[in-house]
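Consider the two complexes below, in which chain A is the common component and chain B and chain C are the respective partners.
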Partner chain A sequence: MEEVSRTSILILDDEPIVCKRLKSALEKKGYEVEIFFRSADAFKRVSERNFDIVITDLKMEGLDGMTFLTEVKKRSPRTEVIVITGFATMETAKESFQKGVFDFLAKPFKLAEIQDAVERAEKKIKEARSKTA
Partner chain B sequence: MQVGKWARSVLHPILGRRAKGPSFIDVFSKFQTILGLNNKILDLMAEMGDKLGGDYIFDKQYIRSACGQMADYVYKLIYNLDTIAPHKYLGLYDAFSKINSEIEDELEGKIVIPESELVMPYTLVSRDFSDVVGAKNANLAEIGNFLRVRIPEGFAITTMAFKTYMDHNDLWSQIKPLTDAWSKGDMKTREVSSKIQTLIMKGSLPADLKKQLRKALEGLAEDQSRERLFLAIRSSAWGEDTESTFAGQFLSLLNRPAENLFDAYKEILASAYSQNAMEYRRERGFSEQEVVMAVACQIMVDASVSGVMYTLDPQDPQSEVMVVSATWGLGAPIVSGETAADQFKIACEPPHEVKGLKIIRKARRMVPGDGGGTETVPVPDALQTKASLTHEQLTELAEHGIMIERYFKKPQDVEFAYDSGGRLYILQARPLNIESQTAKLVCDIPSTLKKAHALFSGKGDIAQEGIGIGKVFLVKNDEDLERFPEGAVLVARNTSPRFAKVIRKAAAVLTDVGSPIGHMATIAREFRVPTIVNTGIATRVLKQDQEITVDAEENVIYEGKVKALCYYEFVEEPFEETYEYRLLRRILKKISPLNLLDPLDRKFSPRYCKTFHDITRFIHEKAVEEIIELSYYSPKDAKAQSLHLELPVPLDLVLIDIGEGLEVARSKKVAIGDIRSVPMQAFVRGLLSPGAWSTEPMSVDFGGFMSSLTRTFSSSLATPRYIGQNLAVLSLNYVNISLRLGYHFNLIDAYVSENINDNYAYFRFLGGVTDLSRRSRRARLVGEILTMNDFRVDLRGDLVVARIKKLGMEEMKEKVKLIGILVAFTRQLDVQMVNDDQVDRFVEVFKTLSADKGTMQ
Partner chain C sequence: MRILVALDASPYSTYVVHEVARLSMNTWADVTLLGVDTKKPDLSHGTSWLSDEPIVQKMQGFREEFLSYFKDEASSPYAKTRHRYELVPRGKGLWEEMCVCRGRKEFRVRIRYGPAAKQVLSEAEEEQSDLIVVGCNQQEQCAWAQDRNAPEKIVKGAPCSVLVVKEEKKPNKIVCCLDHDRVSQESLELINQMLTLHQTNLALVGLAESDHLKEEVDQKMKEILKYYTDQKIKAWVCVLDVTMLDKFIADAAGKGIIALWMGQRSLIGKFFSEDRVGKLVRTARSSVLILR
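Presenting the complex of A and B:
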C-alpha cells in the first residue's frame, strides 16, 4: 500500500487509556494515528493539517468536544467525526448528528465497534474521493 | 428449634404474629423488587467483569459510574430487605458502608490496604491473600500449602505492617511532596530516591510489629532446632511477580541472622524507592500511590545447587521444552545474571527427556557466610566441570514445573534449590513473560484447528472466555466435588455456587443448563476459568476421563489436546498492565468474589459479608426466607381475597391471589381451570398425577403397597380441620403454598417465569408425632428423591429443605410438578416407615410414579 493512501486519524480524549488503546488497535489495522489528551493541543494540530477521521470525546476540561468537532467540520468538511462519550444522552447524540457527525459511540465500547465505525467512515471518504476524482 | 417452629405453625391461627404488620401484597411487591435488584446487580457485576476481558475500551469515568450504580442497587437491596424484615439485618448497612468507602478510596487513588495481621505464617497464606502479603509470598505459600511442594518455612510481613510502619513514622506526608516534585520533573530520580530511602531507614518499628515479628521468629526457631537462625528476606510488593514482574527491582537479603531482622525489614521497604524501582514504575504506568511493600521472611536454605527453571522456552515456545539454569551453591548470581550457568533443556511432556545440555566450568560459587551474609568461594576441581544437576533431579524439577504451571495456568519462572540433603525447595514462582513470541503462534492456529476433531460447537453461552485443556470429570453431587482432581474439566448438569470450592482447580467448566450471569459464572470469572454454560449436551456427550480442549472463545469443544490454542492463551495483553485495568480489577475484588457460600454455615451473616456479591446473595436467601416465614404467620390478609380451590381429592386449599394468579373469580369457589399461576398449575398437575394421591393401583407392586397404607391411614384423617388452614398465595409467576397433610407439614415457595435468573423452587418438608427414627427415615426418603431430581437438599433430623434455582421455565415447571407428586405421595407415608429397607423400596415406587408422564387431564 502506498504511503499516500493511508487514512489519517486524530484521537482526542482526556483519559490517556482510551487514546493509547485506540492508537494500538487502529495502528494494527494500518491507520496513521495521532493522539491528544488536551483539546487545546488537538485544536492546534488540526489547524496545521487535515485528518481523514477525527475521534473525539465530548466532555473534557477546557475546550469541549462539541466545540472542537464544530471547528473541525468548519475547517475541513470532508473529515468524518466519530464521537465517543461516557455521557450519552439523546440530546447530545442529536446535536452531534446535526453537526454532521458520522457516528456516535457510547463509552465503554468494544474495540470491534470502533474499528467498524472507522472502516465505514473510511469507505465513505473513499467513495466521496472517487466521485470528485 | 424444629419443635418450636412446628409448635408455632400449629398455633399460628391463634397467635397471628404479623396480624398488624404490612400486608402480604405489600411485602410480596418488595420481594419482587428485591428479585429485580438482585438481577440488576448480577448483570452489572458480569458487565464490569467483562471489561477486564480486553474487548472493551473503558476509562476511569466508566469505573466510577459503574461503581456508583452498583452501590445504589446494593443500598436499595438492603433497604428493601429492611422493609420486609424490619431491623433484623442492620449489620448489612455496616458491611455496605465499609465496602463502599473502600471502593471510593480506590477511585480517589488512595491505596486501600486490607485489614490484616501484621505477620502471617505461610501455613495460613493462600493466593487469595496477595493484597495482604504480596504476590511473591502468596504464590509461594499457595504452592506450598496446596500443591504440597516443599518451600522454605517462613512468614509474611504484611502490607498492613507496611502501613503501620509508614503511619507510625509519619512517612506518607513526607514522601508525597517528593514524588510529586519528581513526577513533575522538578527533581532528579537519584535525589528523590536517596531522600526517601533515608527517611524510611531512619524510622523505627512500632512496638506491636516488633512483638509480632519476635513471636514469628520464635515459631521458626522452634521448628528448626538450629542454634542460630539465618533468614532470606525478600521484597513482596504489590504488583511484583504478577503480569509486571518488577524482576530484580527490589532487594533480597540472603543469610541474615534473625536478630538483624528489624533493620533488614527497613532495608527492604526502602528498596521500594530505589532509583530502578521508581523508573520502572514510571515506565509501566504505575502510580506512586501504588507502592505497597510486603516482605517475605524465610529460613535460609543451605543450598548445594540452585537455579532457575522456565517451564517453557521463551526463545522458542513451540519447541515445547523447559529451560533450566543451575550452578553450585546459591542461585543469586544466576538470577542477577552475574555469572553463566549450566543449561539444560527438558521436554515438557513426560517422561521429560533431556533435549540438550550445556555444561560450563563453574570455578566459583556463592555460599552462606558463617556469621551471615554471603561469600564467593572456589569450587573444588572435581566439581567444576561436573553437571550441577543429575538426570533424576531434572525429572523431578520438570514434574514440579509442570504442576506449578498447570496450577497457575501460565508458563512459570521458578527459582529452586537442592539442599545438602538433596531435597528440592521451590523458592519462588512467577508468571513467565513470553509476549515477544506470541504473534507467530497466533498465526498457527487455523491450520492446527483444521486437524482437530470438534466434539461440539456453538452450544450454550460463554460465561468466561479462555482455553482449558484437561480430562473430563463429571460432577453429580457434593462427594464428587470433594474428589475433584487438579486440572480437570468440570462437567455438570446444572451450574451451582457450590462449585466455587473447586473452580480454581478446574481447567474449564461446562454445564448442560445454567445462566452466564448466575452466581457460578461470576465465580468462574473471578478465577478466570474458561466456562460455557447451557450447552444442553455436555454431560451426555462427554465421557469421564476423556481428554478435551475447551475453547471458550470460539465456543468449540475439541477432542484431545489442541496445543495451538494452549499457546494462544499465553498471549499477554499489555492492556492488563494499564492503571485502569488494575483499578477495575482491585475494585471488583470488593464486588465480585463470593465468600458466603453455604446458607447453613455459621458465617452466613452480615458480619461476614466482604463484598457486594456477599451482601446480594445474603439478601436473596433471607428475602426468600422472610416470605416463607411470613406466610406461616399471616394466612389471612384483608386486601387479598381468599377463595377455595375445588379439587378432586380431599384437600381444602385456600387461595390468595396477589396478582394475576387466577382468572377473575366468579364465586368463592375456584376451579382448577381458573388457575393462571404458572407454578401453581405445575404443582396441582403433580398433586393430581395418576396414582400419586388416589388409592387406585398404578401397578401391582405399587397397588399392594398403597392398599396396605390406606388401611392404617385413611385419607379422611388427612383432613386438616384441626391442624390449620392449607394456603396458597399466588400470582402469575409465583406461588407460596403451606400444606399440612396428615402429620406432615409442607411448604413450597416457587417463582417460575421466562427469566431464568429469577426462577427458583424451595420445598420444605417437616414431619412430627411419630418417633424420631421413623421421621428421619421419611425425611431420608424425601431427600433421596429430591436429590435424584437435581435439587440441593439439606437434611436435618426430620426436616428436609430442598432448593433448586435458575432453570428454564419448562424445566422449572417439571420440578414444581415433581414437588406436587412428592407432596401427594408422602402424605400417605407415615407410621408405616418401620425399617430402612422401606426407604429404598419407596424410592423405587416413586420412580415409577414420577416417570409416568400423565397429567391431571
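Presenting the complex of A and C:
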C-alpha cells in the first residue's frame, strides 16, 4: 500500500503564544507541524530539510522574516510561504509577493483564516505534484 | 484580518472609507463595505430599479473611493484576477452557475435593510470580523442619520474590536488602557497595526485596583514597554489607579486615538461600565478604539 505523507509545515514567530496556537490548530487538521521562536533556529532547520509550507512572521530579532523567506524560496522553490505580520505595510506586502509568497495575512486573524490559506496552499502543492508525476 | 466597515449616507462615512483603504493598503485585509438602510425595499416588481436607490448609489460611490487607493492592478490585493464558475442562489430553490471574479483578498459591498446596529452586529457575527469600523459626527451626540445611537450600540454589542472614527486628522498618539496581565494577543496586534498606519507614539496605561497590586502591574507594563521599544516604537508607560480612570480618559480623549481593552475579563470593563463607554464614544473628540 502506498504511504501518504502528511503535509509538513514550519511556523516561525517570535511570539510563542502565536506558534503554539497555530501548531495546535493545524495538528488537529492532520498536518505535521514544527514551531520555532528564533529565526536562526528555523534557518538551521530549513537547511536540514524542506517543508511543504512555511508560515513566518516578518519583524523578528536577528534574521528578519523577509530574509528568511527569501532563503526558503531559494533553497526550496516549491515550498509555499505564508506571511503573518503584526506590523504590516504596503511595502512589505508588495515585497512578499514579489518574492513569491503564497499569501499575506495581517494579525490579528482568526484560526479559520490561516487554516483556509494552508488548505489552498496544500491544494496548489498537490496539483503541482500531480502534474509532474 | 477581516474588516467590516459600517456606512451610511453621511459625510463622515466618506472619511471612514479613506481610513479603511489606508489600513487595507498595509494589511491586505478582507474588507466588507456594509451599507444599512432602515427601509426595506419592495421587491414585488423585480430588482432592476434598485440601482436607483440612494443607498445603492452611495455604496457604488464608496466602492469607487475605496478602489481608487489600489489603482496599480498588478499589486492590488483586490484586482479581480481569479475567475471561476460558482453556483449562486437566484431565488427559492433555484441556483445558477455564474462566472465569479475574485481578487487575492475579498472585497465585498453589501447592503442590509433593518435597524442599523442590529444589522451591523449580525454581519460581524456571520462573517467572523476581526474589526468593525464605523464613523460618526464629532458633535455632542455621536449620531447616525437613521439610527442615532447606532455607533454606541455597535460598540456595546460587538463580538470583536470596534474603531469609531471621528475626525479626519492624523492622531499625535495612541493612548492605550490595558489590564495588567489579561490583555488579549489580538488586541496588542491590532494596536500594532494602528501604530504602523499612523506612525505615531504610544502611551500605555496600566490599571491597578489597589496599591499593593501596582508593583505587579508595573512589572507587566515594563514587559509590554520592552516589546514596543524592541520594535523601535516610541512608547511610555504610566500606572493608574482605577478611581482615576474617568478623569484620565476624559482628558486623553481629545488628544489622540484612545484605545480601551474591554475583553471579557477586562478590569476596565468592571470599573468602566457600558454606559460610560457609550458616553465616551458620544463625547470623545477623537477616534476611539474598543479592543476585544
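As a working rule, the second predicted complex is superposed on the first by the 129 of 133 C-alpha atoms of A that agree within 3 Å, B and C clash if a C-alpha of one lies under 4 Å from a C-alpha of the other, contacts with A are read in each partner's own complex, and residues count from 1 in each chain.
In this section, contacts are C-beta pairs under 8 Å (C-beta built on N, C-alpha and C of every residue); 3 or more make two chains touch, one makes a residue touch a chain.
These numbers were taken from a predicted model, which means no experiment stands behind them.
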Superposed model, chain A: greater residue contact from chain B or chain C: C
Contacts of A:106 with chain B and chain C, given as first, second, both or neither: second
Partner chain(s) touched by A:90 [first = chain B, second = chain C, both, neither]: second
Contacts of A:74 with chain B and chain C, given as first, second, both or neither: neither
Contacts of A:17 with chain B and chain C, given as first, second, both or neither: both
Touching partner for A:114 - first (chain B), second (chain C), both, neither: first
Contact residues common to both interfaces of chain A (with chain B and with chain C): 15, 17-18, 86, 107-110, 112
Chain A residues within the chain C interface of the complex: 15, 17-18, 59, 61, 86-90, 93-94, 97, 103-110, 112-113
For the chain A and chain B complex, residues of the former touching the latter: 13, 15, 17-18, 20-22, 24-25, 86, 107-112, 114
Complex contact set, residues of chain C against chain A: 1-2, 25-30, 75, 77, 104, 128, 130, 185-190, 192-193, 195-196, 230-231
Touch list for chain B against partner chain A, complex: 51, 55-62, 65, 574-575, 578-580
